[in-house]
Amino acid sequence: MQGLLAWVPLLPLIGFLLLVAIPLFYSKEPSEKFVTAIGVGSVGISALLTAIVATTVFWQNPGEVVNIALWQWMLVDNLELGFNFHVDWLTLVMLMIITGVGFLIHLYSAGYMREDPDFRRYFAYLNLFVCAMLILVMADNLVLLYLGWEGVGLCSYLLIGFWYKNPANGAAAQKAFIVTRIGDTAMAIGLFLLFFEFSTLNIPQLISAADSSGANSQIITVATLLLLGGAVGKSAQLPLQTWLPDAMAGPTPVSALIHAATMVTAGVYLIARMHPLYMLSETAMTAVAVVGALTLLLAGFSAIAQSDIKRVLAYSTISQIGYMFLALGVGAWSGAIFHLMTHAFFKALLFLSAGSVILSLHHEQNIFTMGGLYRRIPFTFICFAIGCACLAALPFTSGFYSKDQILLRAWEFHDGFNSLWLAGILGALVTGIYSFRVLFLVFAGSEGSSSSHCKDANNTVMRVPLAILATLALFGGMLAPPLQSVFGTQTWEHPAAWVEGVAIAMPLIGLVIAWGLSRQQQKTGEKRSPIMQFWFSGWGFDWLYENLLAKPFRNLARLNHKDIIDSIYKGTAAFSQQLNSLLSSSQNGQIRWYLATFAAGSILFLALLVAL
Amino acid sequence: MPFETAPGLEAGVLLASILFCLGLAGLMMRRNIIFMLMCVEICTNAAALMFVVAGAHWGNADGQVMFVFVVTLAAAEVAIALALVLQFYHRKHTVDIDQLNELRG
Amino acid sequence: MNFVFYLTAAIAIISTIMVIFHKNAVHALLYLVTSLLAVAVIFYQFGAPLAAALEVIIYAGAIMVLIIFVIMMLNQGDSTVVQEQAWLQPTTWVGPAILSALLLVQLILLVSSGQISSTQTFHYIGPKQVGIALFSHYVLAVELASMLLLAGLVGAFHLARRRKIDQGDSNNAI
Amino acid sequence: MTLLAIIIILFAGGIIAWLSERYLQKGGRWISLVSLLLAALLLVNYWSYLGTPQSVSGGPWWDSLQAAWIPRFGISFHLAVDGLSFLMLTLTIAMGIFGLVMTWNDINFRRGFFYFNFLWTLAGVVGVFTAIDLFLFFFFWEVMLIPMLFLIAVWGYEKRIYAAIKFFIFTQASSLLMLIAIVGLAYIHYRNSGQLTFNYNELLGAELTANAAYWLMLGFFIAFIVKLPALPFHTWLPDAHTQAPTAGSILLAAILLKTGAYGLLRFNLPLFPESSMAFAPVAMTIGAISVIYGAMLAFAQRDMKRLVAYSSVSHMGFVLLGLYALDTIAVQGAVMQMIAHGLSTAALFALVGALQHRLHTRDMQQLGGVWAILPKLSAVALFFAIASLGLPGLGNFVAEFTVLVGSFRSNHWITALAAIGLIGAALYALLMMQRVFFGKLRNQFESPSESGDTADLSLRESCALLSLALLLVVIGLRPQPIFNISEPTVTQAIAEIKAVAPDQNLLSSQSQRQEILISTGDKSP
């Protein structure tokens, strides 16, 4: 039964290979149905297998850890890496999210991408993504994790730039890959450091080595901070968050799968996976928490100012992952993973319903041209509203349960002044504002310019996933995963009632503010005040990086595109050529000139004789 | 037997030098190959004069022996050179030495 | 007797100057012959009668005749004078003249700086002595000279021969 | 005998291919293919050695052949093969076949002479990888240059003469240095032992003064890094690569560059252990700077082939870094990088060649949106581009990762610097994808009516490229066999160095640790 787990990542890989290999055997493009069968089917079976293993193996025994050794990857000197999987409850939660939500999004994609000429390529990429993501979460050593880590980055790149004919998409894809690669490089250096210190990169071994030996705490601090660098890059946290809003150039289901539900949460997974190491270093923990708190606020405010429906959701994703980082930083490991899970449900729901909106409006994404859509696409409206409620963490939705856990834990985390909790609470208010603002702007109020030609584009393949996700988003709060086996039992006393009260009240206040804001904005249109403009631009990070890093680098590259070192050799060559032409011009073939030089030479010679 | 009528070694050397320099000057300034050949003759002649004067001064027959060789050389050289001039004129229809510059670098 | 020497020396110099500046080749050649004859006289004065004789016979005689022949064979006509006029502009001859003058000055300086014995005794060396030296000590050189002459003969014959020269093959005809 | 047979087959095949041109118009390529396949078949002889790990005590050589050549000077015709050589030989023959198949129809004039040069280059390289006599090594080193020179100068692109001369001057000047070093080494050994020999195994024991060893080492080092190439001797490479015909570029990138790395590992490190150790930080710095500088220049290029060429500089920087980390993992990684880079870059050059063959330009300003007309080619190019940027799961990642892990143990900061090259690799590889394959299709390529040229990859090309891709995946997922094959040679070379200063290395790593502690300060309690 446990062996089935190995098939979970393998099936999407087979799907990918089949889809890629089709042109080798078959000259015509296969039908969409065939592609759907392979692409969606492979992930579906994976989801089924995961469910079977979860119920048969893990449900009975929460402490179960399954190790699957496939083959030895590398064995050089004392570097020993296996292609081995390590599945515990943490992994299982991720597996269920990836395969389950992934399957739903695949299904939805089959509807969303219908009649796209590159249908096959799309599903090939998507399957490869699922495979890489599964390897990421199942890896039992950090290098295999890194394999998945980079693999999902690649798929993200390919899918953001899926509609390659528009250069803007390509630029966004490139940006996404390179910004995350910066984090990945930090992470790679972290791996080197860990290997240098512990001589192993196997996660369980690392953890036991770090726990048992009086390991050097400075090295652990540096290493965990470097790993945090990787996590920050992949999860679009400060200061590497700038790629995610641009990544919305990809097809909307892609944004749902990669840039909301799964890949961007890989950083959270990484830190949760390595939590024993983080616990050894207070500095690293604080760093994680501060990064999370800052990001959730910054991204939240940016989300308020956006006008593109997908960018709002992108910033909200950054903000919500900020919550997860905050949770990690204060040691609420299971809270972070719980929020990761609920977030996967409701954010996937939000993106998919946003996709429906966009498709219904013929690829219009500006929320200021929408409005009053609840009459035209009621089903989408309901789904989107549920998503927004969860996102804002209205009571009794799934988002509420998970976020509440984080806030309470942050409250406990006194550092003299409850700044982390305050950030979280303020973030909750902001979340309420931006989520309902977009809901009201899109679905409520008067009809905008593009609302008139709205045509419900949902078909059954799209409705079913939406419905399931809506249910999950609403009731996912009941499904708190039993992660005690991984993180240990964490208990904390319940704080004062008013703390709970504030946490409940904030989204509601946000809702009210959002109503006012959306009313006002629907009148004023897209004009923005300076502060809004600043938030709209993502706090100027793009500008900063463009001018601080990208431009100088490009200019340097352009200046040096002829290779300055080559000029040394070219100079030498030019010098000898000059010398040559000088000498050869003296050899002009004129006998009388030779004679004159001969005479002059004699004169010189005799002059020497006379002088001496 | 001493020969009393001689005007002195310096005078002879001086004359040889003047003749040689004149020949060299002519060689450099003329473009006509025939004239250049004549100037070459002047130069060789000056050199020969030098031999003879020196030989006479030291009372040695070697000076005149060398003179004989110089004359031989001059004869051979002129013969070859004139043949070349003929060939050159035949090809280029000119005696301008400046036209002969195909060996330039 | 010094007077005779200076006179002949002056003749030699003047006629040589005429050679290098004259426009007409035949006239120049006559001046050259004059110069050579003057040098022959000087040879005689320095006690070298054989040299004087050879100078007259071979140089002034045979070699000059050879040149005359060639001038005749080229047969350039009167245009040569004009051409020479054009070629012999002051700009052409000033440079060489300066160079040669410089050289001359240096030679004079060198000659005058050397210590020459005051005994201006010159020795008469007759043809007999020369002949003995030539065919005893220098016999190898004589053989070489004969070979040189032979080579000169063959070479001159080969080079001067007029052949049919095709246009395309003119470069490697020599 | 097998080694000699391989070399003879290649030499003879070249001559026959040349002579046969008169009778068989296009026979040269078949003859080349047959001789390469024969050579490959001969290599299979060594199959039995693959499984069994060789004991270091019995010497690492699998097979050797020795015959007196110029006995008076102690020069013998001495070939031998061990794991490292075997890997390189396999790579050589495989890339030879690949280059041949990829450019099956590309050569339009002087075909016989082309295949002659092609095979002779390969024969020279085979000789270089197997020669154990230093003089013989030098001989083959020169043999591989001249045919390569002709390949560039005769069948190259627009500025081929310039590139060929530059290539020749650089490599010739460097091999002169090597010759001096070889003769110097043999002479010093002769003075010390009274025995004049160029035999590698005997020269290993040569006693050198520290000073002499340092200078000799430097001579070898420069000769090899010119070939590698590393900064600041890399500038011949972009020109040579860009102007060479596709087959020539493949040979250059896949094989000829490896001779430099091979030389460093085979000769430089074992012959001069102390001075190599003293020199290691400098060499590692050169490697790290090459990585970054190459990546930056690759990013700045407009010409697609130049981009790939500079990426080679970047990749070979990893090799240099790994070799001079003097760490088993890093050196193994360097060997792996030699192979992986050979495969990926050869494929990229082949792709650029195929693209130029179809669209008649390799200027990236003029290309764009090629995916729309050549989807198969573009997909394959995507694969190799991401291989070249070091995506895990493919061969290049295994190589770069092991190099970096290993070098990190011997020097933290230089390795961290080199790791930045990973970002650089992403920059240029994606830039190439974006400029050439994605984006809007240029008008001039839109109408395929021009000719049948714009056909997608043919079956022959697809097979060649896909087999390379498959190899990269296999290496990326299961690199262990290759590590096993090269292990005895690598461990011996490292042991040689470790034996010289057993505690120095320990000391340095200890001090590194100290350094880290100081730099991190007292951040954590």
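The chains carry the letters A, B, C and D, assigned in the order they are written, with residues numbered from 1 in each.
Convention: a contact is a pair of C-beta atoms (placed from the backbone, for glycine too) under 8 Å apart; a residue touches a chain by one contact, two chains touch by 3 or more.
Bear in mind that the values here come from a model prediction, so they are computed numbers and not experimental data.
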Worksheet item: For the chain pairs B-C and A-D, which is connected through the larger number of C-beta pairs in contact?
Response: B-C
Item to complete: Name the chain whose C-alpha centroid is farthest from the C-alpha centroid of subunit C.
Response: A
Practice prompt. Determine the chain that sits nearest the middle of the structure, using the mean of its CA atoms as its centre.
Written response: D
Worksheet item: Which integer distance in Å separates the CA centroid of subunit B from that of subunit D?
Response: 68
Worksheet item: How many Å are there between the centre of subunit A and the centre of subunit D, using C-alpha atoms for each centre?
Response: 36
Worksheet item: Approximately how many whole Å separate the CA-defined centres of subunit B and subunit C?
Response: 4
Worksheet item: How far is the middle of subunit C from the middle of subunit D, if each middle is the mean of its Cα atoms, in Å?
Response: 71
Discussion item. Could you pull out the residues of subunit C that touch at least 2 other chains?
Written reply: 95-96, 99-100, 103, 107
Practice prompt. Please set out, as single numbers or ranges, the residues of subunit B touching at least two other chains.
Written response: 24, 27-29, 31
Worksheet item: In subunit D, which residues are in touch with two or more of the other chains?
Response: none
Worksheet item: If you go through all the chains, which pairs of them touch?
Response: A-B, A-C, A-D, B-C
Discussion item. Under the definition above, what is the set of subunit B residues touching subunit A in their complex?
Written reply: 24, 27-29, 31, 97-98, 100-105
Discussion item. Help me check something: in the complex, which residues belonging to subunit C touch subunit B?
Written reply: 1-2, 4-6, 9, 12-13, 16-17, 19-20, 25, 28-29, 32, 35-36, 39, 42-43, 45-48, 50-51, 54-55, 58-59, 62-63, 66-67, 70-71, 73-74, 76, 80, 83-84, 87-88, 92-93, 95-97, 99-101, 103-104, 107-108, 111-112, 116, 120-125, 129-130, 132-134, 138, 141, 145, 148-149, 151-153, 155-160, 162, 165, 170, 174
Item to complete: Write out the stretch or stretches of subunit B touching subunit C in their complex.
Response: 1-15, 17-32, 34-35, 37-39, 41-42, 45, 48-49, 52-53, 55-65, 67-69, 71-80, 82-87, 89-91, 95-96
Item to complete: Would you tell me which residues of subunit C are touching subunit A in their complex?
Response: 95-96, 99-100, 102-103, 106-107, 109-110, 113
Worksheet, complete the sentence: Per the touch rule above, subunit A residues touching subunit C in the complex are 596, 599-600, 602-603, 606-607, 609-610
